[in-house]
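In the part that follows, the structures are each spelled out as structure tokens.
Each of the next two complexes has chain A plus one more chain, namely chain B in the first and chain C in the second.
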Partner chain A sequence: MRESTIMKIHYGTALAAVALVAVHILMRLTMNFAESLEYETVLANYKFIPYALMLELILILLSVHGFNGLRVILLELKQGRTYEKAVSYGCLAAMVGLIAYGSRTIIMVNMGMV
Partner chain B sequence: MAQVSSVADKQTTSSKSITLRISRYNPEYDDASRFMEFNVSYEKWTTVLEAILEVKQYFDHSVAVRYSCRQATCGSCGMMINGKPRLACFTKISELDSNVVTVEPMSNFPIIRDLAVKFERLFDTHHKIKPYLIRDDTEIESDEKEFLQSPEEVEQYIQFANCIKCGLCNAACPTMATDSSFVGPQALAQAYRYVADSRDKGKDSRLKMIDESHGIWRCHFAGSCSQVCPKGVDPAMGIQLLRGYLLGFRS
Partner chain C sequence: MTQDENKEGVGGMINPRRYGIERVAYWLMRLSGLGLLAYFIGHIYETSNILRGQVGWTELLEMTSTPFFHIILSIVIAMCVFHTVNGIRVMLGHGGIGVGKPSRPDYPYDPASQNYRHKIGIYSAIVLAAVAMMYGLAVLFGE
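So, the complex of A and B:
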């Protein structure tokens, strides 16, 4: 993938994440902080499909943005063909892993496994 | 080890003097650089290059320094003067407002000896971006006698054509310090210079060249390149304008 395409995704995910995290914070303001973090409340959020989809989207956006940012930082720290390939594929694998782990939590709640 | 010498007796008209600290380093023999100190008299018009040449003339002819035109045109005498990349021939001692003037080789360049550095990386990246007009026809074959441009078209790139390849922008760039593969502000500014030229048809190939993992996107817009340019070129702006092409804001 061309670097400009990657950077377009990088900037796009940042803007989208800012918008969605703002919505997420506003939703959390409907109740006090302690109540918002209660076990039942969290499960209820995951079971409310539109909200769960938004959380899933935030997870994807922040993972893509964050791991690409990490890739860029690591590429500037050291150079070398093998190192750069390892960093790029490593960040991609970590990103997929984090999204899969986060999605698994939401799916397990909705399947009644939690 | 520091060597203290004075040329005050040679300049009877001057009442002021400074301590000139020159970084000495020969990669073939030295493990690390060291400073040698010289007391040098100066007038209000004396440049740092003139002070260095005075040291070479009267005390230590082995000080290695690259220079040529002495009028900020050839771009040969770039060095760190009191920690900032400057042209030695374009920097007056009186303007530095300091009793101690420290000269070191430019940062982000391999040292040949003392103040002389290797320019291979700069010239390689400059060459890589194809710093010439690319088009199928020529001025000789065209019906027109020359490729005409309106003043507005010239305005798009003319300040970038003032680059003298002195390397001060690359010496000031924080990304150049860590990323040994980074194209650098000099080459990127020159890429913009040709991309923005209405006579040029090589935009796509140039943009492709800089659109890679150590290309234009590694610029963090610190802006130090633009601050140190002795010719008033603004590489940081050129880089941002060039990004506009890659992001689709400019065509």
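So, the complex of A and C:
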């Protein structure tokens, strides 16, 4: 993929994540902070499908943005064909792994498998 | 002086004492990005503890409800606000907004893009991050 396309994705995921993370944080502030982290409250959040979908979207957006950012930083430090490929595929694998791990939590709690 | 002697490598690149506030913003952007990625990975792992049931979740909350973790969370809030505000400034700059009109480069060759508008943007990002951190500390320690 062209670097210009990757940067557009980087900026797009950033803007979308800012909006959704703001909603995610505001949900913590709709009640007392400690109360919002109680087991029953968190469980109810996960079981509310629109909120679970938003969490999944945040997970994907931040993983793509975060690991692409890490890739950019690592490519600034050192260059070389093998190094660049290793960094790009390594970041891609880490991104997929994190999305899979986070999705597992969201899906299992949403489906009542706790 | 040969080219090798003049080569500072990564040490030269990370030196924040040259090129003004823009270089500081460059480093803060990267450091805050790495910090936020580390927090994000930790947060995904932390929230997966809900799969251990009420006991596991309560144990986790007890572990993280300490002054040390509250300070870490406040730093994360500051990094998040700085990264967002400075990121929007960078995006606008890449889109050609606030970088001035192209003109003939004349001595002393001041880069048109490093103007007062972007400097204000960087300082605003730092101030807003500090304010958000204070708010975070008030919420976390005011329970």
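Rule of thumb we're sticking to: the second predicted complex is superposed on the first by the 114 of 114 C-alpha atoms of A that agree within 3 Å, B and C clash if a C-alpha of one lies under 4 Å from a C-alpha of the other, contacts with A are read in each partner's own complex, and residues count from 1 in each chain.
Heads up, the rule we're going with is that a residue touches a chain if its C-beta (ideal position, glycine included) is under 8 Å from a C-beta of that chain, and two chains touch if they have at least 3 such contacts.
Note that the coordinates shown come from a computational prediction; the quantities given were computed from them, not determined experimentally.
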{"item": "Partner chain(s) touched by A:37 [first = chain B, second = chain C, both, neither]", "value": "second"}
{"item": "First, second, both or neither for A:98, with chain B first and chain C second", "value": "second"}
{"item": "Partner chain(s) touched by A:77 [first = chain B, second = chain C, both, neither]", "value": "both"}
{"item": "Touched chain A residues, chain B compared with chain C", "value": "C"}
{"item": "Chain B versus chain C as contact partner of A:90, first or second or both or neither", "value": "neither"}
{"item": "Which superposed partner A:4 touches (first chain B, second chain C, both, neither)", "value": "first"}
{"item": "Chain A positions touched by chain B in one structure and by chain C in the second", "value": "7, 76-77"}
{"item": "Contact set on chain A toward chain C in their complex", "value": "7, 11, 14-15, 18, 21, 29, 32-34, 37, 39, 42-43, 46, 59, 62-63, 66-67, 69-70, 73, 76-77, 98, 101-102, 104-105, 108-109, 113-114"}
{"item": "Interface residues, chain C side, partner chain A - complex", "value": "10, 13, 30, 33-34, 36-37, 40-41, 44-45, 47-48, 50-51, 53-54, 57-58, 61, 65, 80, 84, 87, 91, 94, 139-140, 143"}
{"item": "In the complex, chain A residues that touch chain B", "value": "2-4, 7-8, 72, 75-77, 79, 84"}
{"item": "Contact footprint of chain A on chain B as seen in their complex", "value": "175, 178-182, 211-215, 217-218, 246-247"}
